[in-house]
Amino acid sequence: MSGKSKSVLAGTAVALLALGVLGPPGRTVPSGTVVVGLGGDPSSLDPGRVTSVRDGRLVRALFEGLTVADEETLAPLPGCAATWSVSPDQRVWSFELVEGLRWSNGDLLVAEDFRRSWLRLLDPREGCPYAHLLWCIEGARAYSEGRGDREAVGIATPTPTRLVVRLETPLPHFLALTSSFPLVPVHGPSVEASAGSALTAPSRLVSNGPYRLVERSLRERVAVERNPHSHRAAEVAVPRIEYLATESATTTLNLFLSGEVHWATAVPTTILTRLVEDPRLADACTPRPHLESAFYRVNVTRPPFDDPRVRRALSLAIDRRVLCQEITRCGEQPAATFVPWPAPALAVLAPGATPPFPEYDRSVAPASGGARHASEVAPEDWGGLLHDPERARALLAEAGFRVPGRREGAELPGFEIHYSASPLHQRVAEWLQERWREELGLEVRLRRSEGKSAIAEQRRLDYDVSRSSWVADYLDPMTFLEIFHSSAGPNRTGWADAEYDRCIEEAGRKPGGEERNRLLAAAERILLERGPIIPLWYGVTTTFVSPRLEGLGANALDQQWPARFRWTEERP
Amino acid sequence: MKPLEGPARAARSAGRSPNARALGRLMGRRTTRLALLFLAGLVLISAAAPLLPLASPAETHPEWALAPPGAGDDGAPTALCGRDALGRDLLSRIVWGARISLLTAFAASFVSLAIGVTWGAMAAWVGGWVDELMMRIVDLLFSIPFIFLVIFLGTLARGWGFTGTAANLVVFLVTLGLAYWLTMARVVHGQVVVWRGRESVQAARALGARRGAILVRHLLPNLVPVVIVTLTLTIPRILLVEAFLSYLGLGVQAPHVSWGILARDAVEVLTPIATPWWLVLFPSLAIVTTLSVLQYLGDAVRDAWSPKESY
Amino acid sequence: MTGIVARRFLWLVLTLWAVFTVTFFLMRAVPGGPFSTERKLPEITERAIAAKYRLDDPLLSQYRDHLGAALRGDLGPSFSQLDYRVGAVIAEGLPKSLLLGGVSLLLALFLGGMAGWASALRPRSLLDTFVMGTSSLGLALPNFVIASLLVMGVAFPLSAIPVAGWGGARHLILPSLCLSLPYAASIARLLRTGLLEACSEDWFRTARAKGWSRGEALRRHALRPGSIAVVSYLGPAAAGILTGSLVIEQVFAIPGVGSHFVQAALDRDYPLAMGVVLLYSLLVGTFNLVADLAVLAIDPRGANASGGAE
């Protein structure tokens, strides 16, 4: 080779080396830092705009509401409010704030900050996705829907530290609601100054939680450090938390294994059962019941799904025990109801645990025989309640369709499973496709859709059968059942049932108690017998947590309160 | 290379065109014949997939999920290449995947070849503002990331009523072909521009040869090697793009299966703890062998067409 | 030369405008809005959002406004990253992508150039077979497979090499290797082909007859014409490698701009999609111009021919 080519090559090599060495400045994580694999970027850090569980994890580090949820029971504990009281008719709530609360920039935090933040959440021009959480307040819904006046909303601040809220009707879970992440206060001046965007610069995000923002790098990390102005500053044990935006679950697992992530909120589910056999992960992962119901929506506006027998047949053809043991495989339990985790299912995963809705006594509609109370079913029988392929074929035949083993009847048209992108949903869809083909002789196609478009397509009723799940917004069966009211936004099936609507509306007017539960249980039975859903399983929380990280609670919504985190330098 | 041995062969080939002679040289090599045989076998096997004694590639057996290769226990039939996370037979999936993958690669490459060569050669040969315009159109299309084309064409096709499984496949093939003729056009264009400037061509022009004659006698034969090499780069690239789209979930949909989908399924379960190696090894082997053979053939063709090289 | 550059620059501007226009209308032809939340929003809110993002204006007036804003360098707020404007999204990711891409490009040139040259020096030798075989492998395996295998096989056994992340020079090693491999393989093959093509020329044989070594003859006579294909290829390749790859960014958790190309389109994040498409167009246009100029510099006869001396 000649001198010239040699010098070109050498030059390239030198340039490479230089780039490599000069490269990005190496960063070191300060010791004692807890690193969390968040599974992606938060969509926003503005409490008025956040929607996802992921956003909520950051909001709970940066902000603090009137109450905070207990990390085990989710019961509301004092947060910014030191004490509260409620009027005898259960309609007027009065909160007394902790003395001397401050924002992270040193400004005083007063009750008016809460009032303004909540009114902002309701402001129809803001379009905050969680405005409906506050519709229980007098005049709030009207204002939020553009029909009422801002001043008519029943939130008052008689003194700088007292917030008084008047509810439309008594609401059993209102106090718990005040711990939910969209209801935290936002710092008025900085929100107005940034005109709703530009929350990207740490200097501009003023918060009141145990931590304050110190770094935000898109698709890389959000770092928070202990907020010296927080009234809890002394309780906060971990000085710095870094939330990594790593999307890939496998990459997060790799980082966890190499000790660079201490809490992985998203894990590869495909081979989780194999993973937890490894000693490095055995202690790190305990599947816990999650208040999530996984189901398929059925578009009742498209024949033949307008016939409840066809919908029921699709449901009865599925053996959910196989689905949970072999396909999802993370501890999910077969669903025979829509509201998750009735006692028999819970007994399989977490023996001895208290069901999330202990007073809610629902009945199930098994494949054969009449309805039974859920609590009467033995745990080992639970999974098979909705599996009866014979009955499924009989129902289809009754509806006038040809099924395997029968010659007469019309051929059932092929249809499409619409599902959103994820390895789990893909696996489930492929398995169901095969099940329905085998058991019912159906020609099923798959159609994959990406996150945002999937919901838009559901809303347009542009699907036949669509993968769905619902996670509780608050601790009450209503959070599940209300979504299939004919006027509810998340219905997205075209299904409307007058009797169901009546049950939901009546239950909504009751403060609680036996009668309310009876109405809700009646609604759920209607939903299961002729509703637009195919229940599949009750969800679980699967995360990897380093044994050195303590303070994460085992609650049914996987809500964690970073102020409680503890980090031990040495392995116990 | 000593392709022509003995005076008899030399004499026999003397009267033939350069391309015919090259073809003779190509087929004269045993490795080439072997490679062609491999490809033919692959095409045959994938075409005959429904007739082979294989389990259905879509048949799930969750109870045998991730069974390693070999004779199955628990009454499971033997799975020579093991089973995937849904307990499907991997061998069957590889064979059925070959159908989709080969179809994708060849159909889309053919589309790219036809459009690309015509466009590039025409632009360079006509020259002037037509050349400029045609190549700027190529630049324009090049400037739109192909993934956008794929997503939008897919969505639009849906809107126009192409919803069946077969229709999805056709849309997919055409989209890939449409996204990949550009490289061919550029490479052919670059080559023709250079060859146009060559002494022999300029001399022929000066001597008053007709354009068409120059095109056929000087340019086209000289384009063959570069077109073939580009093609051997395009086919693997389309196969890889198919894999990339499968990784994103935008490729073919179940019950169809392709090698790209198998590779994605493999990577999904690949962790430092539990490694179902068969899910990585066998599909990778299929992809690597096929693409290497294709590339080897490309090299062999090119070498056969440029015999004058000295050692 | 200046004339050519000026003309090509004009074309580049025109191309950007055409790309803007095509992308703008394409994106609005596709169904599925960007603001699909779980809950149905009250009508007044839908209207407020539509007004804020100007989704309700007539298409042509939207087009005019967006074009005007884009000319001033403002591509609007991102629909999926609610706290960011498109400019900020790109400004955060691009430097990282450029760094990783730059290293990868040099690595690809280095590896590919070495391999191609070595192959052409001794065609069909053991070395050639080995190099071409390796490059086949680099071209034949999907990059997500290569990346995963590298993580399993290199990063876990060697604690000095991180499994993923961004932060220091050592974080660049695996991703840049992964990103550069297919490009290196292509460069090696194109260079080898080009050089061997040139070897069949009469003047190369003349040079060899004069008693030059093969290497010297290759360098003096074959390198220029032989690298034309590589240079042509480098134009689009450079743009591709500098904007990164979704797969590499996902596997190695790299905060570059590569993922936005896919994610913005899937999320119907029109402004961000527009931003990355324009960015890509700008890079492709620039690098193609550079590549074409380089081809002209290598072979000025081609310049005369296409210069229109008809």
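Chains: A, B and C, in written order; residue numbering restarts at 1 for each.
Quick note on the criterion: contacts are C-beta pairs under 8 Å (C-beta built on N, C-alpha and C of every residue); 3 or more make two chains touch, one makes a residue touch a chain.
Remember, predicted model here, so these are calculated numbers, not experimental data.
J.: More C-beta contacts across A-B or across A-C?
T.: Between A-C and A-B, contacts are more numerous in A-C.
J.: Compare the CA centroid of chain A with every other chain's and tell me the farthest one.
T.: Using the mean of the C-alpha atoms as each chain's centre, the farthest one from chain A is B.
J.: When the centre of a chain is set as the mean of its C-alpha atoms, what distance in Å lies between chain B and chain C?
T.: From the centre of chain B to the centre of chain C is 21 Å.
J.: Between chain A and chain B, what is the separation of their C-alpha centroids in Å?
T.: 44
J.: Which integer distance in Å separates the CA centroid of chain A from that of chain C?
T.: Those two chain centres are 38 Å apart.
J.: Check each residue of chain B and list the ones that touch at least two other chains.
T.: 248, 267, 270, 272, in rising order.
J.: Could you check chain A for residues that touch two or more other chains and list them?
T.: Within chain A, residues 250, 254, 257, 450 contact more than one other chain.
J.: Where in chain C do residues touch two or more other chains at once?
T.: 31-32, 148, 156, 266, in rising order.
J.: Can you tell me which positions in chain A touch chain B when the two form their complex?
T.: Its residues touching chain B are 250, 253-254, 257, 268, 270-271, 274-275, 277-278, 280-281, 322, 325-327, 416, 421, 423, 426-427, 429-431, 433-434, 445-448, 450.
J.: Using the touch definition up top, name the residues of chain A that touch chain C in the complex.
T.: For this pair, the touching residues of chain A are 1-2, 4-5, 8-9, 12-13, 15-16, 19-27, 41, 43-46, 49, 51, 124-127, 129, 131-132, 144-146, 197-200, 217-220, 244-248, 250-251, 254-255, 257-258, 260, 450-453, 455-457, 459-460, 488-490.
J.: Mind listing the chain B positions that touch chain C in their complex?
T.: 1, 124, 127-128, 131-132, 136, 139-140, 142-145, 147-148, 151-152, 155-156, 159, 183, 186-187, 190-191, 193-194, 196-198, 225-226, 229, 233, 236-237, 240, 243-244, 247-248, 260, 263-264, 266-267, 270, 272, 275, 280, 284, 287-288, 290-292, 295-296, 299, 302-303, 306-311
J.: Touching residues of chain C toward chain B in the complex: what are they?
T.: Residue list for chain C touching chain B: 11, 14-16, 18-19, 22-23, 26-27, 29-32, 123-124, 132-133, 136-137, 139-145, 148-149, 152, 156, 182, 186, 189-190, 193, 196-197, 199-200, 205, 208, 214, 225, 228-229, 232-233, 236, 246-247, 261-262, 265-266, 273, 276-277, 280-281, 284-285, 288, 295, 299, 301-302, 304-306, 308, 310.
J.: Touching chain A in the complex: which residues of chain B?
T.: On the chain B side, the touching residues are 58-60, 62-63, 65-66, 85-87, 163-165, 248-250, 253-255, 267-274, 276.
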